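Consider the two complexes below, in which chain A is the common component and chain B and chain C are the respective partners.
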Partner chain A sequence: MSSRIAQGGAINRQQVCRFTFDGAGYSGYAGDSLASALLANDIRLVGRSFKYHRPRGILSAGSEEPNALVELRSGARREPNTRATDIELYDGLEATSQNRWPSLKFDVQAINGLFSPLFVAGFYYKTFMWPASFWEKVYEPLIRRAAGLGRAALEADPDHYEKSWAHCDVLVIGAGPAGLAAALTAARTGARVILADENFVLGGRCLAERRTIDGQPAADWAAQAIAELRSMPDVRLFPRTTVFGVFDDGVYGAVERVNDHLPVPPEFQPRQRVWRFIAKQAVLASGAIERPLVFGNNDLPGVMLAGAVRTYLNRYAVLPGRRAVVFTDNDDGWTTAADLVAAGGQVAAIVDSREPVIVSELARRFPDIQAIAGEVNGARGGRHVESVEVTSRTGTSHRIDCNLVAMSGGWSPTLHLTSHKGNRPRWDEERSIFVPDMLPTGMRVAGAANGDMTLGEALVTGFRQGLTAAASCGFSGSMPALPRVTEESARRVPLWRVRQALGKCFVDFQNDVTTDDVELAEHEGYRSIEHLKRYTTLGMATDQGKTSGVTGIALLAQRRSIPVAATGTTTFRPPYTPVAMGALAGHHRGMDFRPTRYAPSHRWASELGASFTESGPWLRAQWFPRAGETDWFEPTCREVKAVRSTVGLCDVSTLGKIDVQGPDALKFIERLYANNFATLAVGRTRYGIMLREDGFMFDDGTAARLAENRYLITTTTAHAVQVYQHMHLCHQTLWPELDVQFVSVTDQWAQFAVAGPRSRALLQRVLDPRCDLSNEAFPFMACGEVALRNGEPARLFRISFSGELAYEIAVPGHRGDALIRTLHDAGQDLGVVPYGLEALNVLRVEKGHVVGSELNGQTTAHDLGFGRMLSTQKDFIGSVLGRRANLIDPARPRLVGIKTVDRNAKLAGGMHFIPQHAQRSIEHDQGHVTSVCYSPILEQWIGLGLLTNGPDRHGEKVMVVDPLRGAETLVEICSPVFIDPEGARLRG
Partner chain B sequence: MRIPCPHCGPRTHEEFTYYGDATVRRPSATGPDAEAAFYDYVYTRDNPCGLHRELWFHQGGCHEWLVVERDTRNHDIKGAVPARSVFSADDAT
Partner chain C sequence: MADALHFTYSPGRLGRREGAPGLVLQELTQFALASVIARKGQAAQAVGAAQRAFGASPPTTPTIAAGSDIAFVWSGPGHWLALGPQSTESFEARLGTVFGTHASVFDQSGSRVLLELRGPRVRDVLAKGVSIDLHPRAFRTGDVAVTTASHLAVHLWQVADEPVYRLLVVRTWFDSLWRWLAASAAEYGCEVMAPTPYTL
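Up next is the complex of A and B:
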């Protein structure tokens, strides 16, 4: 560890962490970042740049890092484009450099640099235009290979991610001096405080600077503040937590890297957790990001932000270079020179671009350092900086040997979160920075994020904003005594670019955007900052221009000779730093994407080996294969035949069930349904249709009148939620005067269809013998309360979806499993057969019942043959618009049955009706086939469809065509009711 | 976005289902221009820039329909009241 300083730093020298970079083994200490550990091991070259594959090192010490991106971990846990400066070192860490081939030190595509004219602004648009056929085959693969970042893992992520909520009075974002101060004053009032910081150690620049607060080191002050906060019960501290977005009504999105600092998360723990912090007030104390200076080869490894150099020196006890040149346009750069000397480094020169009078005044404090009023024209070196070319204001040039360039272009407030809701920052001409202007409701800004750059200002504004935030929540407290702090100066004269540059001058390091690109874009007319951004890609990389944005804006303004204020900024949007999709998804993956609802008979059906399918949110049995049956076709046909000849059992609990009660229950139902219910007697059930207010079909189902003022209505499985919601809308907004109450009881009742000629015989075995099921006592469409043999209550409905003699029996949900087993056992000698959704579908097509394919939101009651059901005696939802001439036009596609003329031909849903001898074209389209099945009773394919003038065309032969798959066949149009059109069976 | 449900307190918008304009009123089905009036009621909507009174259903909560006043420019929510109170008041006037 040759660059490690012997003493100091917030690292634990007792705890060694071994890690690998590009396969080679190194070690660092607990408390290191990957970047500091690499620097301690004298690794300066860590990546290759996006377009030119130029060697790149470590620029910063935080989340703004554009260069030092690595792939972290391996295999299924490989994570691309992570910032070495952000990654907490742990024992066993594996990191790999990106975007280089065959190796980091020798990258063949570095030759791209020689062809750099090809890669200038807008190169995507210019270079790869012609010939068009080259796009997919040549250019795109070429670009993707050359201009890549890291590689995502190819396997499924084995780790868990969580989503969670937390509420507080005051959220403090950032735990540097301003954030700690704000959290302290807010928490001391008794307010509930959340303090979040993206770093793995709280303290911010208190850890990175050699400054004092009331005579003690700032890091000690921070440690005391954190200890005090930790001792308070209503304060929650969130290190490793990035607040990435500001949303409406005080909702803040944050991602907590719970276990990213371990090779594998402990069992039952998530890797990351996405938080939504609900805060009445927020104090943004996100600090500031230093700007690079723009000179030749300013991207060479060894050229580093001056503030970052101090972080490495003071926090990590690493000397990033033995012989440094400091290049600055402000006073803060001089602090770096001082810290370098204090840490035992050598400062070859400090180059300050400002007036000589300022420089000589500062130089008096550093008698041992050569101070030059001038500028660095360029850095020289192969894979690392070896020297710089400097021109002084007097015109003399020097070459100064060095292996570190600490540059400072001043600090930009990290104000991203202030503009997530659309507010734009304001340009402060005097300080040459953007500062927050209009703020999201409930947000205040403290410290450097607000442009208050010195430690003293950070503490004062932090204390004050924490107190006012708490006061806004109704808590009161007082300002603490202001501490004495080290004096500092943020004085600056901006140098947006050097006057004479040697080599490429990078503005956006990650996307390889240079000053030439900015000039070219402007020259070609891309003069709006938004256009400049898109044409040059400045600020569009994974770092979103954190170190480059302001410089880009200023260079454009300079080029156009307009004030920066007139240029404006691009828009800041969440997330502040990249958030893994897996973290945003949380547990909602695969089958956990949404809850699975199981029907009451699920366990029984599984034991019988049923095949299941998703039906909306439900998992329903499709068919029940017997030994020897290997596909869906055989069991389905067998189940259909059983229902038509003996008896079948089917779980129909998924239908929506709504219990409607009250003196006005009938009035309510009359207004909801299009058909008449006034004549429905107690103990009887009626089929009903609901329309939407626009006159189209909404849903169908049954309403059973259980008592004078009590109805149980059913909905389709698909529309259960919408119908329930619709009923509430109607009751609460249209007819609030109706005295009616209703509640969904879908989950409270298990309901089974018992269908087939022997259904009565089966039920008699299961029900209390006193229960009379004769046609006289319990006719078709009867309903009522019954008792099982063991005395348990049940409801019985004589309704039929299959067209056979059939019942539906309902018991409380938890008794469903027992009842289906009882029914199944009791009917063995009757030939009872469980049937699934496929058989259910065949049975209903044979009987001409409509389902979702026909109730598709575009059909009317008239279309489906329900025209005569529409009441003319009452107002109901859809009554007026349902009468519109166009909706009752007989020429609309209307419901018909179809059977193939060739008995061996097959049908497919979605086929279109075309007159027999017409061209197969859209002009001759006469509707489409909605449902098809093989009918084991008719022994051929049949279907339902919507055909122009359909009901008037029974007996006609029409082609059905499927141009997509090239299939067509001739069908005969017929009644949609294929089985028992008189209804003798269901009344039997 | 959070909606201040009068029964459940401020809750996240995922618990609610949006419906639309709360200022339209179902016309009489028997009036002479019933079809035109219903056409207007069902299809014609203003698209205001600014405050909008709209219906939301607290599906994941109390099952109350609410009239929510929301600023369409920035999602600021001024308040929410039970729809039945608004619509009953209509009937009374």
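Up next is the complex of A and C:
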């Protein structure tokens, strides 16, 4: 650890952390970042640049880092593009440099740099234009291989992520001096405070500077502030937590890196947690980001931001270079020179681009350091800076040997979050910075984020904004005595680029955008800052131009000879720094991606080995295979035959059930349904259809009149929620005068179909013997309350979806499991068979009942053969628009049955009807096949379809064509009711 | 396989095994539940009828009001969930007699699963799926929320300052809620108690 300073720093020298970088072993201390540990080990070359594969080192000491991106960890936990400057060192850390081949020190593609005149702005657009056939097959793979940053892991992420909510009165974003001050004053009023900071240690630049607050080191002041905050019960501190976005109504998105500082998260703990902070008020104290200066080869490893140099010196006790040149356009740069000297480093020269009078005034404080009023024209070196070329204002040139260049182009407020709601910052010409302008509701800004750059200003504005924020939440307190702080100055005369450059001058390091690219883009007409960004990629990728954006804007302004204020700025959007998709998904991935709804018979069905399928949110049994049955076909045919010959059981609880009560219940459902319900007697059920306002079919189901003013409505499984919403919309907005009350009782009732010739016999074994199920007492479409043998109440409906003698029996949801077992046990000698969705589908196709495939949102009642059901005696939803000429045109595709002429031929859903001898083309298309099945009763494939003039064409032979898969067959058009058209069986 | 996905409630310890559990979880069974919705313009009369019959005044704010053996959980304006012990008598009929023409009553006894949650980390667990503020300054004993937990509709109310919460969730969604709850409590350790009959 040759660059480690012997003493000081906020590192724990007792706790050594071993780590590897590109496979080689090193060590650092707890409290190090990966970047500080690399620097301590004299690792200066950390990565290769995006386009030219130029050697790159560590530019910054924070989340703004554009260069030092590494792949962290390995295998399934490999994470690309993590910032070495942000990563907390831990024992066992593995990091790998990225974007280099075959090795970091020797990169083949560095040859790109020689051809850099080709790789200018818009290079891809210009080069990979012709021929168009090469776009996808040649150019894209080529570009993808050459470009890009790190590699994502290919295996599934083994770690757990989660999301959480937290509420507070005052959210303080950033725990530097301003944030700590704001949190203190807000918390002392009794307000609930959340303080979040992206770094793994709270304190911000208090940790990085040799300044004093009330005579004590700033870091000690910060530690005391944190201790005080920690002692308060309604303050929550969130280190390692980046507030990445501002959303509506005081919702702030944040990601907490709960266990990223460990190789593997402890058992049961998440790796990361996304927080939604809900804050009445927020104080943004996110500080500022230093700007690089633009000179030749300013991207060489060893060229570093001056503030970052201080962070490495003071916080991490690392000397990033033994012999430094400081290059600055402001007073703050001189602090770095002082800190370097204090840490035992050598400062070869301070180069200040401002007037000689300013420079000589400052130089008086540094009698031992050569101060030059002038510019660094360029850095020299292979894989690391070895010297700089300097030209003074008097015109003399020097070459100064050095292995560190600390550059400062002034600080830009970190105001990204102020513009997430669409506000743009304002250019402050006097200080040459963008400052927040309009703010999101409830947000205030303190300290450097607001352009108040000095420590004293940060504390004052922090205290004040914390207090005001708390006051807005109804808490009062008073300003504390203002602490005494070290004097400092933020004076600056901006130098956007050096006048005479030696070599490439980088503006955006991450995207390899140079001053030449900015000029070329402007020259080619990309004069808007938004166009400049997209043409040159300045400000794109993982760092989103944190260090380059303002300089890019200023250079464009200079080039166009317009003020910066007129150039504008690109929009900042969430997230502030990249957020893993896994963290955003949290618990909701894999089978938890969305909730699953289990039918009441699920456990029983799974014990029987049922195969399940997703049906909307439901998991429903699709068939119940027996020993020896290996596919879906055999069990489905067997189940269908059983229903047609003995008795079957099917869970139909998934149908929507809505209980409608009140004096106006009938009036209400009369307006909802298109057919008549006024004549429905108590104890009877009727099939009903609902239309949408536009006259198309909405849903179908039954309504059972349970009592004078009580109806139980059923809906299809698919439309249960929409029908319920529709009913509320109608009641609340169309007919609020109706005295009607309704709730969903879908979950209240476990409901099973008992279908087949022996269904009555089976039910008689299960129901109270006094229950009369004869046709006289309980005919087709009857409904009523019954009792089970054990006395428990149930509801019985004599309705049939299969066309057989059938009932549906319902008991409260928690009794469903017991009832299905009772039914199954009681019917063994009757040949009872559980049947699933597949058999259900075959049974209903055989009977010509429509489902979602036919109720597809494009069909009308007339299309589906329900035209005569539409009441002419009443008004109902859809009645007016449903009468439009086009909707009742008999030439519309209308419901028919089809059966194959060749009894061995198969059918597929979606096949198109084409007249027998017509060309297979869209002009001759006459509709399509909506549902198909193999009918084990008819022993052939049959189907339902929507055919032009369909009902008038029974007996005609038509081709059905599947052009996609190249299949076609001849079918005969027939009635959609294949089985028992007279309905004798269901009335049996 | 699908059946392996069907998570079932089973007593025992989940997640972290060391130390006291952060969450203690118990299903409450054998309760009767009904939706009560006031008829048009009859909310005050419905409240009065309940007050006379049960000694509990169905609340007009999101709170719970308990009488001798029946509690009313606010569910919306003029809309309550009545919660009582299971009995052989029909809960719907009993309520129907009391409310008469003032309210419609819908049996919901089989539609929900009722959980009781307590333990030192109960708020942290709930915060992972419930977006409302459960801090004592915002939500107290007797307060009710009609909200979502892990995107599922729930009724949530606080029954003791400790704090102890009750969570009423739709039965057919319960497994998904359970998986979220188990995952969210895992880092604190979760003790699942054997189900117990509901009491007020």
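Throughout what follows, the second predicted complex is superposed on the first by the 980 of 988 C-alpha atoms of A that agree within 3 Å, B and C clash if a C-alpha of one lies under 4 Å from a C-alpha of the other, contacts with A are read in each partner's own complex, and residues count from 1 in each chain.
One rule holds in what follows: a contact is a pair of C-beta atoms (placed from the backbone, for glycine too) under 8 Å apart; a residue touches a chain by one contact, two chains touch by 3 or more.
None of the values given here were measured: they were computed from a predicted structure.
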Note to self: With both complexes overlaid on chain A, does A:Gln725 touch chain B (first), chain C (second), both or neither?
What the structure shows: first
* Asked: Touching A:Glu939, do we find chain B (first), chain C (second), both, or neither?
  -> neither
Inset, instruction - Considering only touches as defined above, state whether A:Leu881 meets chain B (first), chain C (second), both or neither. - result: first
Ask   = After lining up the shared chain so the two structures overlap, which partner does A:His602 touch, if you call chain B first and chain C second: first, second, both or neither?
value = second
**Study point:** chain B versus chain C as contact partner of A:Asp829, first or second or both or neither
**Key:** neither
Next on the checklist: Just to be sure I read the superposition right, which of the two partners does A:Glu708 touch: chain B = first, chain C = second, or both, or neither?
Outcome noted: neither
- Query: For A:Ile278, is the partner it touches chain B (first), chain C (second), both, or none of the two (neither)?
  - Reply: both
Check your understanding: Thinking of the overlay built on chain A, is A:Leu619 touched by chain B (first), by chain C (second), by both, or by neither?
Key -> second
Chain A residues contacting chain B in one complex and chain C in the other 276, 278, 737
Chain B contacts chain A in the complex at 1-2, 10, 12, 17, 19, 22, 26, 29-30, 34-35, 38-39, 41-43, 55, 57, 59, 63-65, 74-77, 82-84, 87-88, 91
Contacts from chain A onto chain B in the complex sit at residues 247-251, 276, 278, 421-422, 441, 693-694, 721, 725, 728-729, 732-734, 736-737, 875, 879-881, 883-884
Seen from chain A, its contact residues with chain C in the complex are 160, 162-167, 192, 234, 267-270, 276, 278, 587-588, 591-592, 594-600, 602-603, 606-607, 610-612, 618-619, 653, 659, 661-663, 737-739, 741, 743, 745-750, 793, 811-816
So, in the complex, the side of chain C touching chain A is made of residues 2-3, 5-6, 8, 15-16, 35, 37-40, 90, 103-104, 106-112, 124, 127-131, 133, 135, 137-138, 150-152, 170-177, 179-180, 183-184, 186-187
